[in-house]
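Heads up, the next two complexes both have subunit A, just with different partners, subunit B and then subunit C.
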Partner chain A sequence: MIDVLIIFDLVLALAIIAIAAGVLVLRDAFAMIVCFVVFGLLSALAWVRLAAPDVALAEAAIGTGVTGALLLKTLAHLRGRTLSAPLRMDGPVLANASLCALATLAGIGALLATPIGGPGLEGLVAQNLLASGVEHPVTAVLLNYRAFDTLMEVVVLLVAIIAVWSVERGVTRAPAPVMGEVYAGFARLILPAAVIVGVYLLWVGAIAPGGAFQGGAVLAAIGLILLITRAYTPLPAHRGAARIAFVIGTALFAAVALFVAQGGRATFEYPAAYAKSLILIIEAVVTISIAATLAALFHGREPVAVTVREARA
Partner chain B sequence: MNLDATMPDTGVIFGLAGILVFGIGLFGALSLRDSLRRVLALKLCGVGASFILIVAAWRGPGLAADPVPHALVITGIVVMVSATAVALALIRRIHSLENGRDD
Partner chain C sequence: MIIFELVAALAIMAGAGFFIAGTVGLVRFPDTFCRLHALTKADGLGLALICLGAALLAGSAGEIARLVLIWLLVALSAATCAHLVARHARADGQAHREDTSQRETRR
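So, the complex of A and B:
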């Protein structure tokens, strides 16, 4: 008898592939973005089936939620722009298609030919979990064993906001339409719940799926709602606080990493007695940075006062 | 979670789906002319690669998934959103400059 879940997997996989193709084929730009959001959510569902709930949470919150908001904001900015002509099947495009088909076939061959039961790291992770300070293996990898990667990831976010603030400047009127009464009421209802969910995700990351990135994304959603409903408007005077919020995660993470490197310990080697507290402090502060940075990436422009002459130029 | 019986098939199905999504995204990134759509095609590539890593987490000898690829994919998702945000800011800026509006 065929397992009913396998049928579910097959349908889900076919839907994911079809919607991925739809992202490239659909003419309407708004439909394309909606298609991409559906694609991200279905991918998150597939990763739940593959028993990767942390990744599914991160994809749903950051890869789909925040990215979808960024895409829709960009589309609103590009108002009136038509999409370029549909794909013509000329020589270079056909050559591209055949090379991509070859690469895909090679990937399929590699996947099917890979032996199962090769060496993995799950044994090492499980053996050292007691010493890591947290009970959830993915959090242990992110904040302890491979903490340097995670520090660099926070640095990438910092670089992104620096780049975006350098590209776009000014406080001219935002093109976003004003939301109605219903939306403001929705915001009032959802904001407290979002705060609780975000902090819960951060806290629970030590023992179960969740953590700084998922919690940070939910808290960033609060910032997005505040920006969209115009309950909060970034002003030039707020830049100092914003800069501190962007940089504090990286700064504290690096400071802890260097501070524990004394008395024969290496960088990032937390003393076992304080490991859980240190990891939670780092996660809490990194969450603030992630939330502030993602919300600022959504807002886009650096809030500087533009003089009349500059605005006309 | 009782996955050991169904895992190989589920892994193969979503592994193949991931590779196909990567291929679709690669073709889009190379062939499309619209910049916004190109960014989305690159995102498809990223998600396809994530699929392959998550499937690979089950290829080890143990009955549990390897948490290291999971952590790598979470890192990758955050790096992707950063890169996407910068790409979209550049697209908005180029559009403003091409249309003679500096907003």
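So, the complex of A and C:
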């Protein structure tokens, strides 16, 4: 008998491909963003079906929630100038298409080269879980076995905010948008709840799905709510604290990695007795950096007063 | 417990039914306000029923508490979102149903 869920999986897979094609075919920027968000939600569902709730959480929180907000904010920023140009086969499009084709081919090659049904790394991960300092295998992989990759992911966010602050500057002078009493009441109720959910996701990462990126994304959402209502307005004086918040995750992560590398241990080789504390400290600080960076990316500019001449240039 | 599982399955199926009804409303109704009406009513009840079904199948008090929290938070944000969309549509001067039908006959 065929598993009923196979049918569900097939429909889900077809829906994901269809919505991905929709994102590419649509010429209206807003519709494209909506489709992209739906694509992210369906992907999160697919990750759940693949028994990877950690990836599903990250996809839903960062890939869909925060990225969707960033895209909509960018669209509002571009108001007046349109993204909705007719599709033309010019140089950049062709270059992009060939690069995408190359990446797809590489993916297919990697898939074909992988032995089918062979043992993955699951056994190795399970064997060494006790030495990793945490009880959740995914967190053990992310923060211990391949911590270098995770450090680079934090660096990517740091590079992104450096780029955004280099490109766009200015202090918002426009009046705050009126969102109404319902939204204000919602924000009052949801802000404390979001703080608890974010910290819970970080804390639970040691034993169950969750962790720094998921918790950081939820905490970043608090920043988004505050920024939208202008309950908090970034000012030039706040830049010092913001820079510390952006850098501290990368800095502490790298410092711990280098600091443990003495007395015959390699970089990132946490001493077993301190592994859990070190991982929790790294995750907590990285969460702060992720949350601050994502919220700052949403704000999208360095809060510094720009003189009129600079603004015109 | 077979009776729990049966009630849970019924609740989840009824919830899915409400979601489908809401989606049909979203596709078929003529203007933003009608569509919001269909969505918020149907999805609010649909989510409540699905959470109820899942809570009946849940193994521990902690899981039930989390399901209740999920239901509360999603219901709260869905209602707020719908209100914001309607508010924006009204400020934008979007037409109600009568005007929309006239516009469509003109086309």
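One rule holds in what follows: the second predicted complex is superposed on the first by the 264 of 313 C-alpha atoms of A that agree within 3 Å, B and C clash if a C-alpha of one lies under 4 Å from a C-alpha of the other, contacts with A are read in each partner's own complex, and residues count from 1 in each chain.
The rule is simple: contacts are C-beta pairs under 8 Å (C-beta built on N, C-alpha and C of every residue); 3 or more make two chains touch, one makes a residue touch a chain.
Everything numeric in this text was worked out from a predicted model, so none of it was measured.
Look at A:Thr114: by the touch rule set out above, it reaches subunit B but stays clear of subunit C.
By the document's definition of touching, of the two partners only subunit B reaches A:Ile16; subunit C does not.
Of the two partner chains, subunit B is the only one that A:Leu78 touches; subunit C does not reach it. Of the two partner chains, neither subunit B nor subunit C is touched by A:Pro236.
Look at A:Glu122: by the touch rule set out above, it reaches subunit B but stays clear of subunit C.
In the overlay built on the shared chain, the residue A:Asp3 is in contact with subunit B alone; subunit C does not reach it. Taking subunit B and subunit C in turn and counting the residues of subunit A each one touches, the greater count comes from B. Once the two complexes are laid over each other on the shared chain, residue contacts for A:Met32 go to subunit B alone; subunit C is not touched. Once the two complexes are overlaid on the shared chain, A:Cys100 sits against subunit B while remaining clear of subunit C.
For subunit B in complex with subunit A, the residues that touch the partner chain are 1, 3, 5-6, 8-17, 19-28, 30-34, 36-37, 40-41, 43-44, 47-48, 50-52, 54-62, 64-68, 70-75, 77-86, 88-93, 95-96, 102-103. Those residues of subunit A lying in contact with subunit C across their complex are 179-180, 182-183, 186, 189-190, 193.
Listing the residues of subunit A that touch subunit B in their complex gives 3, 5-6, 9-10, 13-14, 16-17, 20-21, 23-24, 29, 32-33, 36, 39-40, 43, 46-47, 49-52, 54-55, 58-59, 62-63, 66-67, 70-71, 73-75, 77-78, 81, 83-85, 87, 92-93, 96-97, 100-101, 103-104, 107-108, 111-112, 114-123, 125-126, 137-138, 140-142, 145-146, 149-150, 153, 156-157, 159-160, 163-164, 167-168, 170, 172-173, 175, 211, 213, 290, 294, 297-298, 300, 311, 313. Subunit C makes touch with subunit A in their complex at residues 73, 76-77, 79-80, 83-84, 87.
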